[in-house]
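Scrolling down, you'll hit the structures one after another.
Next come two complexes built around subunit A: one with subunit B, the other with subunit C.
Moving on, here comes the complex of A and B:
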């Protein structure tokens, strides 16, 4: 293998590849990035057995071939390269890199040890989304997924794809985020995938723009963004029946400025240890105002009131401040609707519809359980 | 002990025992710690204290005490009485460390631990009897753990209140246990010297003696008004109360408990994951009930394992929301266990802990997926156990264990 590549392109490709390099010591080959040159393209691949990634960049190839290079080392080397074209060549079991006057000589690992990476069936159903649409969907939904590995099902994002559209949902059992969008695509399937895979794809979509192509298969999901591909295994188990969790109506509805409420919640929550339910924030809703309080005699108290329009009877309800701000942050609209039954039933955050403006949030809802005080 | 035990042997256990207060006092604590770190000192008279010209004895081993040496005695005099004694300068860092370990053992039984000094504490075990047996059994268990884990002797008094518990531990020394059933309080107090009472010093004792009051029995029989005339208003009514064995002071824990845990050493090393999981459930139940009894919930769940090789490891995970539920504790520790990917590793001991405690105080993050059902179920089970005893209710998954004592009692509550 021998090629010449642009430094910037090569460095970007290598550092992206590193993001899915395996950390487990049991299979040393997984700590490597797999390089392959063919038809004037360099393909970089890596996997941690859950998520695998692949991308290719154009190079001037003198000799085709492949190599398995220790990932961490490759990353450190390319980050430090001077701005000049990169010349790479495999000689015996070593990778020689030359860039300007810098020369590196890296020991490689046997390519035979590298497991075959999963690839999507070209016949499998696929759907295409604009990159910003995909990004906003992931940003809105993934935040509700759990970080607790004890309940793997709740660490994932549930996707339901049909020819008419896509529904994405995640819940950590304290809140639930659901987003749907419509499309006309040849695709059908329901999957539960690791949040990490979606976050990685979103990162690429944000930086590259363009389109995201989603391929669903029974045992894996693949996301293409530009010339990059991520394939992820699915989480086993049944995602909760989230539709049944969403209330069918409301007794009280608050219309409030989203950013203003989010700021007040964050400010008031300072007196409590953030993100614990032991110091919730309490909302007191009256006809034309929302009073937000938090704290206890022990630590201190905070209190702030902002305008808001309530339909229905006054209500006092408490939340974990982090769960409430997450919900408010997930929406892009200027105003939100908060729908309530009573102080012990789930509350729903929705973007308030604005006539004549582009709908940035699609059909989104964020449901959160209150804290009983 | 016998009378104390009898009260609990009859049918349904009372929800709170008549004698819930323990006073635990280590025997010759500093000297015992020194003997522990240098076994060649065992059986010899050991004095810990100031070694300079005006130094005093801070702690004397029982061997030294037989020569008449007492704490606070000038070192010079102590050495006159016991010339063979080994004299050591105190090492407070080491005593502090032993004290921390001691208090941790006490707090594993009840959150209500009130340390009086490095080597002395009151414990209110009233809330622990349903889990751990009657107070004498708990006290004996503590003494055994302190002896085995810390290699130190301790004496315990068990009584209806702090005053009496402290008197009992004094009588129990060395290395003893003395329960004082409520019914025997008067007989116990009557012959005691007035100076045994809390707050009665040499001067007060002298003044009382002038009126012919030398024993606690004398005080109890005296008119409280007379006592007030002799020693003054406040001290007099206090004295009358103490003489009748009454002491309303509660046990006030000094520092909030950092965590609660339960562990079990297997009779035989275990490598069957199912057995481990079942034992973890049993321990999670125990910890959860203790959390609920203490009105606290833990945010950090800890798994402890000791392998047959005696290597001990702990793994922990911090939750978004603190829990006091066995179901959740169990799910987390099993998750931690699975992450270890043990393959036929023999395990000697397992433990479950809940740390990072916050007051459960009624606030509770509600759950969308119905984990609240478990919450209600476990609280209902707590109440049932309170009425019918521990064996009244258990989980189906714990029933196929081989420990018949965990099975529900065949006879109903009497």
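Moving on, here comes the complex of A and C:
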């Protein structure tokens, strides 16, 4: 293998590949980044056996070939190179890098233990989204996923794709986030994705822009962003029937400024959290105001009121403050609707529709369970 | 694929020394597609369970017909233990902990199968699950994901709740027989044929112990069995000396185990660019104490096994048995001398004391004191005091 690459491109590619190298004591080869030169392109690939990544950059190839190189070392070295063309060559079991006057010599690793990386079936159903749409969808939904590995099903993001559109949902059993969008694509399938792959794809989508292509198979999902590809294994098991959790209507609806409410909730929660982290905040809703309180007794109490318009009877209801502010943060609109039945039934946060403005939130809802006090 | 690999006839993936029955059952389960979700590999530690896990993985992930060709890249990695379809879980500390089950085992089971389309999840020393771990694991067994097989190594099935055992298909792994051990010993470096034959008899069916005897020589074994004689000829101080010597060997072995681990850690550290990833740091830290403890225990246990087999042989000779059938058949004079000097009741009491001390070892923080007390007791019995 022998090639000439542009330093910046090579460094970006190497550091991105590093994000999916694996750490397994029994399989040291996973710490490597797999390099392959063919047809004047260098393909870099890595896997931690859950998520695998691949990207290719243009190079001037003198000799095609493959090598497995310790990933962290490659990333560090390439980043430290001066801004000039990088000459790379494998001689025996070493990778020689030359850039200006700098010369490096890295060991390569034996490839016999390296697993072949999964590739998407070219026949599989696929759909394309704009990068910002994909990013906002992931940001809105993934926050409701559970961090508790003991129930793997709740750590994932559920995707239902059809020719008409996509529905994404996540729940940790205390709250539920659901976002849907419309498209016309040849795709059909329901999968449960580990959150990590989505977060990685979102990072790339945020930095590269453009489009995100989603390829669905029954055992894996692939996300293409520009010339980068992420393939992830899925979580098996039955995702809760989230539709039956969502109330079909409301008895009370609050229209309130989103950021103002979020700030009040955070301020007031500080006092409650001085007691214990899970001390709830209480919302007292009247015709034209929302009073937010928390805490009691020894440590102190907090109390703040802000304007809000209530349709329906007054209500007092309590929430875990983090779950409530998470829901408010998930929305981009200036105003939100909070829909209630009563103080025991789940509440729903939705963006308040604004006439004539671009809709950043799409069809989104965030449901959260109240806390009994 | 290298040229050499395709020229050499592939070794059958199911050639597991000394376990023809277990192999037959597993092969049939694969062939009929009735693999089930969980197997309990019962039997003594390290008599082919690891090999069976790898063979089974090869049979499942091989793309050829009939599956398990032994030559393709998936087969070779399965047999080397590096195929991703096979994941092994060793206890983090002394026991498997509930956090391990929650953060490693169950997520591994719930991830869809990757390369090869299967997941073989091998729990080593599965009888070291505490109750909380067992309860958490039970949830995973109750809702088994498709194409997922749990393999549990159980030297002591009674250590696990019935709720888990009843969900596993039992498969017996026998202690290796003399012929199998002799085959294995033929490839190991012994000083002479006498040592080789003695090691085959004295390893009590454990290939790991056989390999240790080949590695470390038989001097320690000969010292252990000579303890009663030496105590008669010298003084009870022999008990203290020998307990000390056993401890020294145990420490040396623990140190060697720690060094092996440190070497492996350093190699990984270098591959990861000089900083070991956090998850591996934690894994190595907890593994070090366990490996050292296991290495120490193995040495002390082997010493007690040597003594126990000697006492059994002396009893055999004392009751008119043929010394040629003894484990220590190479030392008929020694057996005869001890048989003449130690009354049968004292031999039985001694054997009982040895086995009791052996049982208590796992929980014992001070093996030297326990061994010293045992040897002092044996000395008292042996001298008829």
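Going forward, the second predicted complex is superposed on the first by the 368 of 373 C-alpha atoms of A that agree within 3 Å, B and C clash if a C-alpha of one lies under 4 Å from a C-alpha of the other, contacts with A are read in each partner's own complex, and residues count from 1 in each chain.
The definition used in the following text is that a contact is a pair of C-beta atoms (placed from the backbone, for glycine too) under 8 Å apart; a residue touches a chain by one contact, two chains touch by 3 or more.
Fair warning: this is a prediction, and the values are worked out from it, not measured in the lab.
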item: Simultaneous placement of subunit C and subunit B on subunit A, clash or fit; value: clash
item: Touching partner for A:71 - first (subunit B), second (subunit C), both, neither; value: second
item: Partner chain(s) touched by A:245 [first = subunit B, second = subunit C, both, neither]; value: first
item: Partner chain in contact with A:260 - subunit B first, subunit C second, else both or neither; value: neither
item: Partner chain in contact with A:173 - subunit B first, subunit C second, else both or neither; value: first
item: Partner chain(s) touched by A:181 [first = subunit B, second = subunit C, both, neither]; value: neither
item: First (subunit B), second (subunit C), both or neither touched by A:367; value: first
item: Which of subunit B and subunit C A:27 touches, first, second, both or neither; value: second
item: Which of subunit B and subunit C A:57 touches, first, second, both or neither; value: neither
item: Partner chain(s) touched by A:237 [first = subunit B, second = subunit C, both, neither]; value: second
item: Segment of subunit B that clashes with subunit C, given the candidates 344-352, 362-370 or 380-388; value: 344-352
item: Common interface residues of subunit A - those touching subunit B in one complex and subunit C in the other; value: 148-150
item: Partner subunit A, residues of subunit B touching it in the complex; value: 299, 317, 319-322, 331-332, 334-335, 339, 358-359, 361-369, 371
item: Subunit B-facing residues of subunit A, complex; value: 146-151, 171-176, 240, 245, 275-278, 280, 318, 320, 344, 346, 367, 369-373
item: List of subunit C residues in touch with subunit A within their complex; value: 73, 76-77, 80-84, 88, 102-103, 106-107, 110-115, 117, 136, 143, 145-146, 264, 267-268, 270-275, 277, 279-280, 283-284
item: Residues of subunit A that touch subunit C when the two form their complex; value: 23, 25-29, 31-32, 49-50, 70-73, 75-76, 109, 112-113, 115-116, 118, 148-150, 152-153, 155, 194, 219-220, 233-237
